[in-house]
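Per-chain numbering from 1; labels A, B, C, D, E, F, G and H assigned in written order.
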Amino acid sequence: MDQYSTIISGFGGQGVILTGKIIARTGMEEGMEVTWLPSYGPEMRGGTANCTAIISSDLIGSPVVTEPSSLIAFNKPSLDKFGSRVQEDGLIVLNSSLIDDCSTAESNNVIPLPVNEIAKGLGNQKVINMVALGGWSKASGKLSLSALKKGMKLTLEESGKAKFVEINEKALEEGYEAAKEESLASTT
Amino acid sequence: MDQYSTIISGFGGQGVILTGKIIARTGMEEGMEVTWLPSYGPEMRGGTANCTAIISSDLIGSPVVTEPSSLIAFNKPSLDKFGSRVQEDGLIVLNSSLIDDCSTAESNNVIPLPVNEIAKGLGNQKVINMVALGGWSKASGKLSLSALKKGMKLTLEESGKAKFVEINEKALEEGYEAAKEESLASTT
Amino acid sequence: MSEKAVAENTGKMKKVFDKPETLNDQQFSYCPGCHHGVINRLIAEAIDELGIQDTTVGTAPVGCSVFMYKWFDIDVIQPAHGRVSAVATGAKRARPDLTVFAYQGDGDFASIGTNNSAHAANRGENITTFFINNTLYGMTGGEMAPTTLIGQKTTTSPQGRTAKDFGYPMKMSEMLAELDGPTYITRQAVYDVKRIDQAKAAIKKAFRFQMEDKGYSLIEFLSACPINWGMDPAEANERIREEVEEVYPLGDIIERS
Amino acid sequence: MSEKAVAENTGKMKKVFDKPETLNDQQFSYCPGCHHGVINRLIAEAIDELGIQDTTVGTAPVGCSVFMYKWFDIDVIQPAHGRVSAVATGAKRARPDLTVFAYQGDGDFASIGTNNSAHAANRGENITTFFINNTLYGMTGGEMAPTTLIGQKTTTSPQGRTAKDFGYPMKMSEMLAELDGPTYITRQAVYDVKRIDQAKAAIKKAFRFQMEDKGYSLIEFLSACPINWGMDPAEANERIREEVEEVYPLGDIIERS
Amino acid sequence: MGEKKLMRGNEAIAEAAIRAGCRNYFAYPITPQAELLQWMAENMSEQENGTFLQAESEIGAISMVYGAASTGERTMTSSSSPGISLKQEGISYIAGSELPAVIVNIMRGGPGLGNIQPAQGDYFQATKGGGHGDYRLIALAPSTVPEAAELTFEAFNLADKYRNPVIILADGMIGQMMEPVELPSPVDTSDFPSKPWATTGKNGRKSNTIRSFALGAEDLKSINQDLQEKYRKIKEAETRYEEIGVEDPDVLLVAFGTVARIARSTRRLAKEEGIDVGIFRPITLWPFPGDRLSELSRKVDTVFTVEMNAGQMVEDVRLSINSDINTPFYGEQGGVVPDPSRILEEVKKYV
Amino acid sequence: MGEKKLMRGNEAIAEAAIRAGCRNYFAYPITPQAELLQWMAENMSEQENGTFLQAESEIGAISMVYGAASTGERTMTSSSSPGISLKQEGISYIAGSELPAVIVNIMRGGPGLGNIQPAQGDYFQATKGGGHGDYRLIALAPSTVPEAAELTFEAFNLADKYRNPVIILADGMIGQMMEPVELPSPVDTSDFPSKPWATTGKNGRKSNTIRSFALGAEDLKSINQDLQEKYRKIKEAETRYEEIGVEDPDVLLVAFGTVARIARSTRRLAKEEGIDVGIFRPITLWPFPGDRLSELSRKVDTVFTVEMNAGQMVEDVRLSINSDINTPFYGEQGGVVPDPSRILEEVKKYV
Amino acid sequence: MPRGKVEIDADRCKGCGLCIEACPQDVLSLSDDFNASGYNYAATENPEDCVGCGFCGKVCPDVAITVYKKQKEGV
Amino acid sequence: MPRGKVEIDADRCKGCGLCIEACPQDVLSLSDDFNASGYNYAATENPEDCVGCGFCGKVCPDVAITVYKKQKEGV
């Protein structure tokens, strides 16, 4: 792997920022070069928030990515904004709970996940982001589920949120599993 | 005449600034190029005030003069500061009412005038500057007494001080006369 | 209630409340439950009702209201952070025939801009100032303001504001009332219908004073910032009633004429 | 009267009044009859008497007192115009063990520096501020200040200050007393022996408050500027008693502990 | 043109502004420009709708300028070096919002409090942008009192024409000295072009906004591109300079403002010694007359820059001409005004 | 060196300052450097004698820096473009009074309010002096988060060594992005050299004064000469840069900060197309590494400058090298971050 | 027939719930649907109880509500 | 013998006259001479009347006066 970039995008409150940080943190633990760059400022208010995480074997030049390797889109505006920019053969994990019309480039590997429903199943709407991240792990194959679990754990612990580790682990797992089925479905 | 420069220096309140302005104003009326430059700012407070007036037939380059053609010194510190800078064969009009020790360059044309006493005689200490200026007129020969009278009149009128014109005319005259005697004395 | 709207009917129903004309169709960029929105609307209603939309120039602060020019259908000047009172002064001095208002957050009015605010007040500039006190810096992410309450946690007072380190909630309105310049200083809130009606009356009075050349008016609003207070909008309203009003009591502080 | 001096005798005579040690031999640069000189000396006497010459850091304003470092034999910081309160804050925060005072003209404290002044007061910074109100800008040639009296002629109010154009004499002490931060605010004068003694007592009290970690003190001095008032020194004293005190009454405004 | 008057530079600037139709003046006192306020205090209130307001601070003043200029009225502020530094944020806003306004800097010795003597240490600040972001002021540098009046008058026209702030960059000597001035006749303010962008109350039209704000990067980029385009136009049309004896000099001396007039004395002294010193005087410091200087420089081996600073304009001189040519620099600082003969001494090292 | 942490640039700068012994931090919030304040708010008060104070304004903050630095204690402030403009008078005073202090500018789009996206429009301000008078800041431009921490740490040493303010000139991207950082170990503050000039109470010695004031022109001239002499020394000893593939490139690309790291991506892209793009990255913007650049430039026909502004550092590039060499410029503005491939496109015009 | 009626602009609404709190008649509630900005917007649950008092409109920070009231005869 | 005595530093004195106003004993007056700064400085006209009260010193803005006072026996 040279360099793998992911844009994570959604409404404020959907855990977008944290998801990106966990990718970067996990990459770092795995000995990779990483960068994480948020969109910031007032445009976040009531609009879409997004961030970019890059993991790479080499020194990373620009942390800004116009054509990401993958996209995790939590809502329609996010897909509209970034969907068409994903690299050819790139990955799109999208929240099918909120996005009906999944018109994306044919060349993309699209994984629709009903993350809200899955999170509801886990009894906590806050973990939709980890559900999506689990799915991304499976579909991208760039960071293993176990590595992400560790990265997530470290990230949460460092911000004093250790008590949420367990439920988030669950969410990562469920997302991973759901993506398995989804990829199965899309190949059949 | 190419360019004739005069530094006027004394304590704040001795009318230094006005004296210089009148030289410049008179020169202007006479169709000359003129500049007038004051020292300014807090160093005037309780110290010496001075200004430089230049009259010239040509465009004036620098309004700052390190070696003036003439000096009007109202007190000892002024003479100390500027006396030695006066050009060879230059003119020094000094206030002998306040300056006892008149050690100046031999090459200078020195006109000591007891301006305080003369002004007292006129009944107004404020006109010591015009007494000195009258003396300067005589000794320098650069601006005639009548031209200076006109320049002084215009200057005072423009600043709403027309009522002082008369006494200042008197002072100019007395200074002029005193300088006559003084130059006589110094040549005998 | 926008009086202008009184005429229209739908069937037997009459429109009794609607967006004022001085606002255009642009949606506010404020967070859900933010009082800036209510205050903006009240100002627009007052402008409608006084018939001064064509002659009013607003000045919008750097702060959550920076986009005011987008939704107010009046001429708007967008000054540097804190300079709103001085900019309004400049505009009003240049064109005394215009009605000029300054709209300022507490960071703007009471921190970086205190000098300009206090001197506009002291000179009795004939402008109308709306001072939106939400006890912190909304736009930049919830930092402490001079108006932050003791004990209040903000991103720059993570342990809660202490008087020892950071001083006291700054009572701008009371402070400026000590000056001889201001004509009218009042503190208002908009967390319920009664307060909203009172606030609007105050706004109209302040504008009228300006139109009558009576000089400087200041209306301070206790304003909710649910997002940075970490509360839902109803809780935020409650906080004003329970806590903020304790420190900043509502009501007229001075009225001179 | 400098208590330190009490020991020395000349013949049967004892020295009862002399230049305080905290002043060196340099002559002041003030104009004849300027009250800055009296106030400077009183501060120096207070420092002598409290024994804090070695641990005091003064901050001098841009204004007629800009040369303070020349004649005070203490460490002195010379900040930008108006920033004295903020600079004193920085020094005191960095070294709370030092006694830090801010010395500020009315242009400095009440015009360009109002923001820094008001917030140092509101935070209750543990500093001592001397605010020299001579109702104009001395150093720059006698311009109007926020403290200039109505009707007073200055170089920038040649027809006399009018409230309509330039606002009202700014009562900084009263205004800042509305804040919760300050511990001690008082207004003093130095035009006669009685006032001079009172002023010195106030200075010492303010320094003591700082040494006891009690927070912000402000001493406003009504100060004569004979040269720019166009008066001789005795007339200038008279003006304070007759006119200036009318607008700015003497005495303690708050004392909290 | 009216009668000839003996005026201080500060007074001449103030009076020229009034005659140019400036009716809004906001400033804070500072030496050596205090007389400018005083003149305005005395004379502005006599104008119809004239506003003289001593602001609470330089920041207050530049902000009032922002407000008044937003209404389209001719507006000015003045100060000296430290006060101008305080205005930098405001100036960046005025430039970014494309407001016409005139700013006068009567420079003094720096850095910091420095002193109140003449200096030229704010050249960089005025020409490269002392505030943040990419913007330009039109910077005019008078070298005599009459020219100070003339350029001030002209500054208002330029400001209106380009919707751009114009700075008059003079120094304490020009501000303080008196020279005979022929003042321009007062303009008829009703002749001014209309300003449809101004915030004067919407009154039927679409509402106007004055701002320097564009949240989106592409939006702000396009604003910046427009600004740069405008700057290119100004560069083409408004570059000004004066030349004295530049046909075939032994040395070409480049100087602005006060130093340029001192250079005239140097030129005279040099002539006495048989040396031909040409003088190139940029009048617009921005846009800098680099093309013309480049042309002239081809005829000489040495282009000698003299300033009352540690070397600021000399960078623009060097940027303008081929690096094969000698470009020595002589500067005085701290309020020292260079002596004509001292300059000659320096020049002689290169002939 | 401690453990590796994933940190935002703003956080890394704050933590590096604390580890460098900074115990006095004064600032006012502004995007995109708000996290710097937040980090300080959380962590400074845990230090012995640590002061975090949110000032009433940027001017308050720089003035508090003046006061705290006067006592000799390590002191810092931070802001972003408009806030830095407000500090210009204060910075000129700090430089004039020769106080050590560190100033951080996390630049955003300008002019005026502009926006909060990354930009490099304050190069002139930082390197030529946005304030009045002749003074210089040591200007350090990190291009990664770890380097931001490293240079901040170093900034305090430089400031103390030269009694000169040091500015960290970064931008919103570096402030906001996270990268792994190995933080320096905290210094032992008792190792700091003594500061006999500081105002710490005279305590037996002669009294000290901190000032930037000298009424006499000759006095102020001599202060200025001392400053210029100091600047010469700094230039000699402290000029820093990074070079990548500068041995024999087809084009030499000059860029600082964020753009320099993007240039690395351009270099990679170019290599794929068989073009050798060398990169010269000034780390000290002032003193600008002009001598080294001049050397390198002799090997190429084109020295290509890329910046996130309308062309600022490019002036120093051009001043450094022979005017025969091509010195094209490509800039983005308004918060647009240039794309590696877009840069390559521009570069290709010159190969 | 109800005495009042409200129209809520679902796209302007940010689901803050203040109108719901303010309504004396419990006319309003939040929908389960999201609008384009991702908010659960306010809707009329019991439109027939509306008295047209306008409280909801007055407290709405996003000017999302238009209120109608039945007029008295002859007015 | 007088009860008090003052020494005036003629070079520091700026002739403001405030000491003269303040002296309850009319001890002081301005000299006709100028000092180096050009001021008519204060001098003791009636030194024998001085009571050493110190008023002159306290009001002097230029710290130009040193005051001595005769001590009571035994002190």
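FYI, a residue touches a chain if its C-beta (ideal position, glycine included) is under 8 Å from a C-beta of that chain, and two chains touch if they have at least 3 such contacts.
This one's a predicted model, so the numbers in the text were calculated from it and none came from an experiment.
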Each chain counted as touching chain C and chain H at once: D
Comparison of D-E and B-H (more C-beta pairs in contact): D-E
Chain at maximum distance from chain E, centres defined as averaged CA atoms: G
Centroid spacing, where centroids are CA-atom means, of chain D and chain H in whole angstrom: 25
Centre distance in Å when chain A and chain E are each reduced to the mean of their C-alpha atoms: 55
Shared interface positions of chain F, touching two or more other chains: 31, 53, 56-57, 59, 82, 89, 93, 97, 112-113, 115-116, 211-213, 215, 337
Multi-chain contact residues (two or more partners), chain H: 14
Shared-contact residues (touching 2 or more other chains) in chain D: 30-32, 66, 78, 80, 111-112, 114-115, 118-119, 139, 146, 166
Residues of chain F touching chain E in the complex: 59, 81-86, 88-89, 92-97, 107, 109-117, 119, 121-122, 124-125, 128-135, 211-225, 227-228, 309-312, 315, 318-319, 321-324, 332-337
Residues of chain C touching chain F in the complex: 62, 66, 78, 80-82, 107, 111-112, 114, 137, 139-141, 143-144, 146, 155-159, 165-166
Footprint of chain C on chain D - complex, ascending: 111-115, 118-119, 122-124, 146, 163, 166-171, 174-181
Chain D partner contacts - residues on chain E that touch it in the complex: 28-31, 34, 37-38, 41-42, 45, 52-54, 56-58, 82, 112-113
Residues on chain H engaged by chain B in the complex (per definition of touch): 14, 34, 36-38
